[in-house]
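Letters A, B, C and D mark the chains in the order given here, with residues in each chain numbered from 1 onward.
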Amino acid sequence: MSQLCEKFYAKGWFPGTGGGISVRIGAGTEADPYTVFSTPSGIQKEDMIGDDIFELDMKQNVILPPSTPGLKLSSMTNLWYVVYHHRPSAMCVIHTHSMNAQLATLLDSTEEDQVLRLTHLEMLKGVGNHSYECMLEIPIIDNQMAENLLEPDMTRVIQEYPKCNAILVRRHGVYVWGDSWEEAKTRLESFDYLFETAIQMKQMGIDFSSVPPSKKTKTSTKRAHNEI
Amino acid sequence: MSQLCEKFYAKGWFPGTGGGISVRIGAGTEADPYTVFSTPSGIQKEDMIGDDIFELDMKQNVILPPSTPGLKLSSMTNLWYVVYHHRPSAMCVIHTHSMNAQLATLLDSTEEDQVLRLTHLEMLKGVGNHSYECMLEIPIIDNQMAENLLEPDMTRVIQEYPKCNAILVRRHGVYVWGDSWEEAKTRLESFDYLFETAIQMKQMGIDFSSVPPSKKTKTSTKRAHNEI
Amino acid sequence: MSQLCEKFYAKGWFPGTGGGISVRIGAGTEADPYTVFSTPSGIQKEDMIGDDIFELDMKQNVILPPSTPGLKLSSMTNLWYVVYHHRPSAMCVIHTHSMNAQLATLLDSTEEDQVLRLTHLEMLKGVGNHSYECMLEIPIIDNQMAENLLEPDMTRVIQEYPKCNAILVRRHGVYVWGDSWEEAKTRLESFDYLFETAIQMKQMGIDFSSVPPSKKTKTSTKRAHNEI
Amino acid sequence: MSQLCEKFYAKGWFPGTGGGISVRIGAGTEADPYTVFSTPSGIQKEDMIGDDIFELDMKQNVILPPSTPGLKLSSMTNLWYVVYHHRPSAMCVIHTHSMNAQLATLLDSTEEDQVLRLTHLEMLKGVGNHSYECMLEIPIIDNQMAENLLEPDMTRVIQEYPKCNAILVRRHGVYVWGDSWEEAKTRLESFDYLFETAIQMKQMGIDFSSVPPSKKTKTSTKRAHNEI
């Protein structure tokens, strides 16, 4: 986890002490209960060492604190469990304050939109459950005074958008998960690339939520063909 | 190849598991048949190790799989052969999902353009077959549901644009090649620089496809002079 | 300090020989007077070695010069003392020429504004004394011919804005401090992220100084509730 | 020189095989003739090793070729001598294809301007001979089909702008020099920062060539005062 933290810090995704990572081990059955590992609160993630990790049981109780004294449990701890509960195969959740993620929540300047829609981009293949011509819908929830207060909205949208492996938090950042840390990282990079794409396309005057103009006829034909 | 992958990942050209590299060894004659090496599918390129490479013969048959078990052949494998077949001197092909390459395919917002044209830029010298005052024409093909389906369009444009060492794929990325990995990398960096230049010039209101205003008279004179 | 310098150079915050760092040790009482350590003037910070540091007493007298001969005291030395005097708990001050900081002082194109205001951004939590819904006010002072001439304006605004841990210098950069070097670095990264956010939001046509449109009703209700 | 090349490659200033560095040793007197060291042509600068350098005498004759066989003399070699001849104290010249430098030559979209003017920016202190309130004038020359053909225009403008330590080449890049490699690098970073500043300020609608609006009265007063 400390190596991932270094990589994400280098990308500017963990500014200050922002962002965090959680990994789960175990199936979550009675015979094989799962354990959750979580980065601590308020430390510079790129200087974290391997032992600066909290280990928790299925009921969010700390079973092993970090070896460095004085570290606090992250206020996003309960949010890891929202994902692990509603996405039984997820084994890793990553939260970043990426500039692209933050700005992607502001593409609708009224800030009323509850979802970001993207289609016809190759990198859609990287986020899971989507291919090039799919419409990706990423839910956006409003930010709260404290991170842990995001739980009700996260619980709601993770159920409303079962195909999407990410949740955007307005004026804040993004949560992304996968069935392994490799998959979570791959999806995170793909989502972030798509966020940047959306920001750039808007600036270029192109609607990222619509079928490309040159594809409109072809695509409808192809779809009809597929449906036969 | 793993060192190149690391470099390109650092530049943001291999987000998620996107992009890939192929190298060819051998002349392709009966006495000296060529062998193609290709990065595998769906792995994080920056963590690839030296042995995670497929080795294929001239008929696209795998003759040596990677030592890491479970790796799959990339769906862009047939595209390497399009280049190796139509550009007999090419010994290395690189495919990236660079943000600049992707956005360069959207500079015409109707997305009807089948070619990106650039002229009067010093870095034109870096892409092969072009000098400062040349008009570089890079073909743009439409993206498909699966990477391997790009083969017919790639086969068509690689013949239509014999001077160009790259093919852009709309809303996706770019393929670039050279007579060695060093040349492929050099051209890739030059193309990418030119893509970024075109994006920035459009934003600054400058037409990157036209002779600069201050050059119009001088250039036509010079050309006339050259032709004598 | 040399490791911090390397990190900040890599971020582009110390272009040329710009920027600097100071650390204070000691309580500043008669029994335990404090000592100030300062990076020297006019050297490339990323190549600085551990010993290239001036050590000064509470009256700005050099008590130990750097071991490398010929280094000069930085012209921002007196500014470190402005912070240490008016913020008794501050133990580290960092000055950068970050592009984001410089451009953030130009968001009001009349350049008459004496303060940059930001609200409803998660990263406000990273700058000290502020939470998500707070209005952050960062004073902007005009630049002077020499760095040390900034002292009167810095002395004035550090008292006028007791909640803010940074001072912007127009067309120049930013000063940020914290109770440890870790806190100063964390705040600096948070401020810089906020500067970039403001620049981007302005470009997207969003007013970063106002309550978000979708929050206006909710927030006023919540505030009323809090005040009861 | 190979370490500098690595640094500049990482910044994107040496895309492909673009850019180059030269260092001079010796006073240039009869008793102490100078020797010029130059990076070779057409190689990837970040992979250059220490010995891949040409050593030339005062008359541009090669006195020691690189140890790696097959390397060619750079076509910018004669341009190093333009600088060494007209700036007797310069001991290092650096040429980059920085995106900022290239775009800075296009800020006047008519491309008729022969000079880029910048004023009232702190980083002006980093380019040599200028302070905060000075007007920096950087000459822009038109690009040519071959690098060495830039000699006449470079020879003209280096004499016309004796205070400036850089020459911009339209749609190409920049040449910067200093009395040591450290000074050349410091100035280069400062110039590049100023180029980026100019590009950003134009996008923000601010005139980088004029005295800031809030300074107009004060400055004229101050100048009058200074002149007494």
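The rule is simple: a contact is a pair of C-beta atoms (placed from the backbone, for glycine too) under 8 Å apart; a residue touches a chain by one contact, two chains touch by 3 or more.
Since the model is a prediction, treat every value here as computed from it, not as a measurement.
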What rotation angle, rounded to the nearest 5 degrees, superposes the C-alpha atoms of chain A onto those of its identical copy chain C? 90
Would you identify the chain whose Cα-based centre sits farthest away from the centre of chain A? D
Could you classify the chain B-chain D contact as same or different, where same means more than half of all interface residue numbers appear on both copies? different
Averaging only over C-alpha atoms, locate the centres of chain A and chain B and give their separation in whole Å. 31
Where chain C touches two or more other chains at once, by residue number: 203
If two chains touch, include that pair; go through all of them. A-B, A-C, B-D, C-D
Using the touch definition from the top, list the residues of chain C that touch chain D in their complex. 12, 15-18, 44, 97, 99, 102-103, 106-107, 109-112, 142-145, 169-173, 202-203
What residues on chain A touch chain B, complex-wise? 120-123, 126, 131-133, 182, 185-187, 189-190, 192-193, 196-197, 200-201, 203-206, 212-215
